[in-house]
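We just call them A, B, C and D in the order they show up, numbering each chain from 1.
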């Protein structure tokens, strides 16, 4: 089932690894197809992962197809799909500098145009929530904005996208932005971009950028 | 049209990616050939980019050849080609440590010989200018010096070169220099090289270095 | 002898290099098979290492098979195998940010869930002990906890695993955690996770995560 | 001439690039063979470099074989070969964290065992000396110790080795050590290893480590 989506999801995992956003077994990407969700199996190293390893679950978490156990983060992914109708792909990473902000318990201010372009807002921070239940999903819903990118307090990153490509792109840019903002803030007191300029950049980027 | 230049531009984009100066879709390189400019299509990921994707535009921005939309930064590239007769290639990146200086709203002082060799001056900082119009081009022209490298305030980097190779080399060295200068400045108060030594190094490098 | 284990060990060394945890010749992985231990030869660069280069020694350090000299860290590996019955693989690295904590003579606090999941405790720090005798092994035994990961004061990292995969995974995550904890601590005063939450996460991860 | 040495030198340059110690055209390695020295041509990018590009010069700098101009650092390499009879290979890089120490005008203290093992002493810092004459060679000779590794003030790194492998290894470890020492010093006041322990580690490493 879902051969095309399996390949897309496989390539997404490889991209996250190539950009250093995940390490060995950590992180996972899922994609929603109707009432089904295709997701990474739990704890499988990227060096061994194959397209046929992804697990198909329904929105209640029942395994529909697949011989492996789905990611322990499946409940979080499903909660987001059920409560955000625009969610077509979800990514979870512990990418280093996003995690540093999450450990510092600070949202990421909009310090550069790339941040405004792609996200259009501060990257918000959830309350602390334990892994494996719906608690993380609920905590994400409380703070998630139009960007679909959220810092999980003391934990990592959750990204919601309108497609796998959209989610991958946001995961990559979030770490870029988190890293630049970290080092700028470490060395000085950078001024955030004004909110109306952030809005203008976001709207321009989301209407004029790309091939559609 | 321009098969050789398409290949050169393609390799330039790959080099920027290899050196980590661009991420996923960000950044772009263009090359001027007479009254035409060959430039990256907007928002195409590096993983999908092909030599035939580059768009040929004239100096007014009219698409001469290509099925894709050119980069949203095309107006900036064209402005620079029209106002700097030595400009044969332009590169735009958000490379991390150059961007950190841009976020901190500081030009990069000449702290090491490699900076003096390649650039021969502080890397200047533009005023803040919005993407997509000629505003960035104008802001660059106000501060650009002989190095052809400029920090865009709160945004990133603009490089003007006398060839694609020249621009690529400057993009790579700018990030090297920005990173070393950042960490030196974070840990101490490094003294810049004296201006006459900077001039001497720059002149020596631009007359004796390389194969010409 | 031990063709399968040689291949496994070879891949483990490649993974450590891929993740940047070892440089050129540094670092080594061993695996215990009954009363034998297979270990990296001393000072062989990763670019030249071959599966047949690994040396088989007994638990007293006598070479059983192999034309090369075993690692100078062999005595440490053997000491750990003899005193920890659950030790099936040992890894030694100088991975950068773990080494920074070791140079600073500080254990790594549990600042994020990934640390709690994989290690379940602070990464402890040994007293200073000289290389090449049993002194490092003894120093490790004094502080090693359930995580199997230890910082060697002024030196680097020692990892004990229940399998090669387990040890590799801990070596990779230790550097991830050390890096994030370093940068968070550099920029602020992050609060460690509460001990009971650390225990809960560790137990959950070690019972529910992965495919077994 | 010197086919074997050309290949060895080529691989050395590739290793420096793989470890991120050089960028695009920067850095160079040479090897001495009797009264001849084989060295990188000036300004040739690593992406284009071929074994047949290396230039053979005599100890006075006369080109014996080769169609390209030798590195602008040739005079420095030759000066070191003429004044240090154990010098068989010389490497020059601008590797990032070594350069940060050079910009800060500080020698690198011996903070970890890997530093003591490989170098056995602080990495000394030269006075400032201009590129391209014998001035850098002279400045290096004034401070070089048994380690063969020297920081060039405001410039970069010069490594002298007893073989290409020895020089490459020291170039790689110098950056490792420079990076760890930088970040440890940024976050605290680490205590250097005592001089007698540094001597002991160095002597042990240089008699017991490796395959000879």
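Worth pointing out:
Following the convention adopted for this analysis, a residue touches a chain if its C-beta (ideal position, glycine included) is under 8 Å from a C-beta of that chain, and two chains touch if they have at least 3 such contacts.
Bear in mind the structure is a predicted one, so any value in this text is a computation, not a measurement.
At the chain A-chain B interface, residue numbers used by both copies make up under half of all numbers present, so the two copies contact each other through mostly different positions. On a Cα centroid basis, the chain most remote from chain A in this structure is D. Centres computed as Cα averages put chain B at a distance of 43 Å from chain C. Centre-to-centre separation between chain B and chain D, using Cα means, comes to 30 Å.
Contacts with at least two other chains are made by residues 186 of chain D. Across the whole structure, chains are in contact as follows: A-B, A-C, B-D, C-D.
By the touch rule above, chain A contacts chain B in their complex via residues 15, 19, 111-114, 117, 165, 168-169, 172-173, 176, 179-181, 183-184, 186-188, 190-191, 193, 197, 200-201, 204-205, 208-211.
Across the complex, chain D meets chain B through its residues 23-26, 41-45, 47, 68-69, 72, 94, 96-97, 99-100, 102-105, 130-132, 154-156, 182, 185-186.
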